[in-house]
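Chain nomenclature is as follows: A, B, C, D, E and F, assigned in order of appearance, with residue numbering initiated at 1 for each chain independently.
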Amino acid sequence: MRLQLMTWMEVEAHLNGNRGIIIPIGSTEQHGPNGLFGTDAICPEVIADRAAETLGCIVGPTISIGMAQHHLAFPGSIALRPSTLMAVVRDSVLSLARNGFERFYFLNGHGGNIATVSAAFSEIYAEKSLAVGPNQPHVRCKLANWFAFPAVKEISKELYGDRDGSHATASEISVTQYAYPEHIKKVDMDPAPPRPRPFYDAEDYRLIHPDGRIGADSFLATPEAGARLVEASAAGVVEDYRSFMAEA
Amino acid sequence: MRLQLMTWMEVEAHLNGNRGIIIPIGSTEQHGPNGLFGTDAICPEVIADRAAETLGCIVGPTISIGMAQHHLAFPGSIALRPSTLMAVVRDSVLSLARNGFERFYFLNGHGGNIATVSAAFSEIYAEKSLAVGPNQPHVRCKLANWFAFPAVKEISKELYGDRDGSHATASEISVTQYAYPEHIKKVDMDPAPPRPRPFYDAEDYRLIHPDGRIGADSFLATPEAGARLVEASAAGVVEDYRSFMAEA
Amino acid sequence: MRLQLMTWMEVEAHLNGNRGIIIPIGSTEQHGPNGLFGTDAICPEVIADRAAETLGCIVGPTISIGMAQHHLAFPGSIALRPSTLMAVVRDSVLSLARNGFERFYFLNGHGGNIATVSAAFSEIYAEKSLAVGPNQPHVRCKLANWFAFPAVKEISKELYGDRDGSHATASEISVTQYAYPEHIKKVDMDPAPPRPRPFYDAEDYRLIHPDGRIGADSFLATPEAGARLVEASAAGVVEDYRSFMAEA
Amino acid sequence: MRLQLMTWMEVEAHLNGNRGIIIPIGSTEQHGPNGLFGTDAICPEVIADRAAETLGCIVGPTISIGMAQHHLAFPGSIALRPSTLMAVVRDSVLSLARNGFERFYFLNGHGGNIATVSAAFSEIYAEKSLAVGPNQPHVRCKLANWFAFPAVKEISKELYGDRDGSHATASEISVTQYAYPEHIKKVDMDPAPPRPRPFYDAEDYRLIHPDGRIGADSFLATPEAGARLVEASAAGVVEDYRSFMAEA
Amino acid sequence: MRLQLMTWMEVEAHLNGNRGIIIPIGSTEQHGPNGLFGTDAICPEVIADRAAETLGCIVGPTISIGMAQHHLAFPGSIALRPSTLMAVVRDSVLSLARNGFERFYFLNGHGGNIATVSAAFSEIYAEKSLAVGPNQPHVRCKLANWFAFPAVKEISKELYGDRDGSHATASEISVTQYAYPEHIKKVDMDPAPPRPRPFYDAEDYRLIHPDGRIGADSFLATPEAGARLVEASAAGVVEDYRSFMAEA
Amino acid sequence: MRLQLMTWMEVEAHLNGNRGIIIPIGSTEQHGPNGLFGTDAICPEVIADRAAETLGCIVGPTISIGMAQHHLAFPGSIALRPSTLMAVVRDSVLSLARNGFERFYFLNGHGGNIATVSAAFSEIYAEKSLAVGPNQPHVRCKLANWFAFPAVKEISKELYGDRDGSHATASEISVTQYAYPEHIKKVDMDPAPPRPRPFYDAEDYRLIHPDGRIGADSFLATPEAGARLVEASAAGVVEDYRSFMAEA
């Protein structure tokens, strides 16, 4: 169930014994010649919905803008500074915690978010750990990457091997093609060279990866592959979320 | 066109001569017994999409969490502090401005956002006005409320009169019923009393408005009314956006 | 009674049963060829003093610098960024609330402050609404504009009609001439053109409104008009403040 | 000339060759049984006005709320956190610097402000020192305490000796009695014990100094003493300001 | 060479052609019954010194307090909130970058710092990526963990296998025993149970790991093991740093 | 005892009846042709260690980077903005206070830190003074400068008179020569001119003081003088710390 499509009375009823929530988090950033800006948000959103069907849990609103400073040399990319994204995560968690949510499972679609969201969790805990008093909810946050479950990695490897790349991957574009088949982009592009060297800021990135891809033959994406990946990742989420909820 | 469903090359091409973007902004907050949490985000999103069909312009990712502190006593509500929301607006605008976007039309669905988003615009301008140097993009931001166009107000008045209320209005719930017909909630409720007295924080609000509505007979909502409202508001956006783009 | 001219023992005595305070808030910004920088602070200060004579209430120290980024291209103008002004309002309110003040009536003289001060109120409430614990004072804040009471608008309209304008208005300059008759400035100026188009940052503003006025024939100001306006606005404050104090 | 009572054209004319400004800064805090809340703001304001008559310079709006956390256990006291006051000083200085002011002479009336205002100056310089680029105005800030000029200290010593104390001093109350003779408070009080031991936060302070004075026989204040002190301090400001302006 | 023991003229001379610096970063947190609070700072400091002998490079001052919120239930532990640590990293990097340092190699001793320091790097890059202008130094930051070089892991495994644990490891305590042989603590303790379950905030941690260790038989530490680990890790740093400096 | 070299069980035992801690705080900044970057951190660290031998108290980790914006034109200098340093002090104090430390004695080696660290203390107290609730530890912070004890000043005067100067003083360089005899720098330099005029930001400073010294004949430093100064300052700390601990 998407929180956005529920009423507060439904949420209140659900909270009896269900203290968890899944929050998809992504980014709005270029994904090469045939990848959508919303790729990193669409993937965890679709997978969270699928997992929630099995879990019967609530899926919060997708945080669709993330920490994407390195993509800012491509028009259309949007980045929150880490300090801004941390405030968003903090306020969202504390808002829900105020009324009884206790375990927050962030399903992430963007590697660039990992450090910042983890730091945001620590900022939340630090507020509690520095204070001695009562009155603070006991919050637990977990970040999982939809693309990192073993079964997902296996499919990516089976289908694309090294040609999957590390940004604008054939895998993630496949998921968006499955989710939005009417928005499959037909674009000519050459095979991507392997990732040549590290980058740091936005100008670095565009200089090194002029069409936006990092070592990815994004044109190999298919909606069929997307369907398999969604299924595999959702299964991973189901198991991982249950284990998170079962923690003592 | 939703930015989320475009590629960066499409955006780059579009930017030739088109420096504007519509950004829907809403909230995730209780909307009474039959209103969806996502109401304030869904309405401007649907209307922006409709307007963009006519305008041929880009619609950015919806900012779906807003300044909703007064709803926090209802489980499921999420609020960003004003300072957090201001940082989100600032980073989003400056990200897009970096590559050539110049005019930002925020289509808003939540009265509680108005002051904060306006303050965010001033924060952006103040950074520029306090500095003397060059290098700062010339950014213009505008906030419009989907429910405030005269033609929209007329329909609301015609259909509901005083019974539309001021939160969880029959009008806004109608729009969500039109957008998500499979999520129309059938809930019994009494006619809402008129807004009795001012509220300030979340505990105030729930005490005064125990089921979340403010003076709204939300059960009068229909998807048909929603269709009319979307059409009227989108027409208002088209005209207003064009006038914003035409400013010298 | 101005707080600045009281002792703490007088305040302590006053607090028995009187939990309210009026805080004038203005700006230090250019007001055209014959308007004073302090106009927006002087007006609410004078009117608050007059109203307090009737109300017997306390008037806090005037916040004389506001959110005036758009005036920064005129030398002498001072602006607090919205985030700074929000911190000032927050600390001031919480300082007074700590010892028993509960209702804060901000009498405002500057349109540019409205969004930011409203956002500041939300920031204060949000701190409380996000926390669940006790220990937080129950604070209520209200913003009223001295120039917006119906009786004030009527006088402005009667005296100046459309020639009152929207910045450096004949009305506000009249109030300062009444308050500081020895500082009436005699300056030649032409009738102001009506407000031609929207402005955003400081450079915009000065380009469009080169002498600082917006559609205002400021030379029409007289101290006699000022006296009438002060009287009318103070009467509006008295009624509005009493109603604020009487809220359940 | 008070900036508040000038027009922007007068300021623009004055700026030719005069790049300095005096900014009075004080506090709104208890000053014992017969001292005014505004004491620390009134003193530097009155003295700045007097000095400006001789200097022909501009006096900016008084910053009347300061860093007074230790007085917060007395009702009516208001404190800005150091971080808030630093933002106020920074924005005020940069606003004026944008249009040509270069030297900022803060005339201070409150010992509790000294560290914070000095830190604010460093924050301003640090922004510039950390950046390498051009475009930053060359700003110089100086803090002077009205009560610390040798001639002032001599008068205080001559009139009151050790009985002047260190808070709610007979000297500062004398200045306010000179400035506001109609607000001289007649209150019985015993001689104050000498300052017994250090204090840290607000509860400390009130416990140790239950009527708010620190070692001060405030009842010795007279308007005549105030007149002498104002004259002496203004002379100190004149000399010190001239020397500040004359720096290479 | 430790920066702390150099003069500015030596640094200026060194900067010709050497744009890199190693900055050790650790934490001040409990390390179980026989581990030192400074463990996480001492290890990278000692190893950086050793590597710098070979590299001939500069070692900056150790950042000895880190993000250790989860250790705060043990007296003596100190934590910076992530937002604070990010500001420290940012100001340090920009200070050095202002005069020509370009590549910053942070040698880290504390797993809890990784996310926050990575987010700090992104905050630095984001400031540059969001701006379009020139004048920003081209900074590259890299984080390396002293304990993660393959040769180090091999020694830990060879010596301790699974008994090394994940906090207060025999390996890290060995390094401190090598560095400070006069501070080897003789304390009785049982073998540590394996890490039983996840922890989040400080109270969690102490409840689950009452003596502070996580699965570590810290009593196995020896200074001889420390000597080997320092040697191996320093060799890893030498190679990794050279490769970082050699990046195009 | 240095906290860095203790275990948490030792700290816990020590806390019974000993609620104080000494925290050395310095800077990493140029100190002229023969002075070390670490001078301001090394001095209080060495002196705190010596004093702690007598006092039997704990010495926390040295804060080795301070507020040194004015030195940033010399390569190798590092500065925290005042706001950053304030956050570091605040988090450090609250971390230790959480588990029972109550009195924090900062032994300072850098004049440029005084205002900022004092403001940091006020920020800590203000958080408590603004809140009314319980749960806040009763913290007392004190800043002492190692070079300001009368016995220290006498030695400096006896040895160097006016030639000690005010930055890169012969005295402070003597202390570092005593602490690090293997790092005594032999550099030719002329006698320093007396401090010619005030400076504000980094460019000012380097222009006025091109080799970094302010009126100091730093070449007069000797390790023997350092030994005397350390002894005298440590004795001052012992007495001052005891008096701080003895406060009611």
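Throughout what follows, a contact is a pair of C-beta atoms (placed from the backbone, for glycine too) under 8 Å apart; a residue touches a chain by one contact, two chains touch by 3 or more.
Note that this is a predicted model, so its numbers are computed, not measured.
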Intersection of contact partners for chain D and chain F: C, E
To reach chain F from chain B by way of touching chains, what is the minimum number of steps? 2
What rotation angle superposes the Cα atoms of chain A onto chain F, in degrees to the nearest 5? 120
Report the chain whose mean Cα position is at the greatest distance from that of chain F. B
The pair out of A-C and A-E sharing more C-beta contacts is A-E
So how far apart, in whole Å, are chain E and chain F when each is placed at the average of its C-alpha atoms? 24
Measuring centre to centre with CA averages, how many angstrom lie between chain B and chain E? 46
Residue ranges of chain C touching at least 2 other chains are 72-73, 79, 81, 83, 91, 95, 98, 129-130, 133-134
What are all the chain pairs that meet the touch criterion? A-B, A-C, A-E, A-F, B-C, B-D, B-E, C-D, C-F, D-E, D-F, E-F
Can you check the complex and tell me which residues of chain D touch chain E? 129-134
Once bound in the complex, which stretches of chain B touch chain E? 91, 94-95, 98, 133-137
Which residues of chain B touch chain A in their complex? 2-9, 11-12, 15, 28, 30-38, 41-42, 58, 60-65, 72-81, 83-84, 87-88, 90-92, 95-96, 98-101, 180, 183, 185, 187, 212
Which residues, counting only chain F, touch chain D once they are in their complex? 67, 69-70, 72-73, 79, 81-83, 86, 112, 114-116, 118-123, 125-130, 138-141, 197-198, 200-203, 247-248
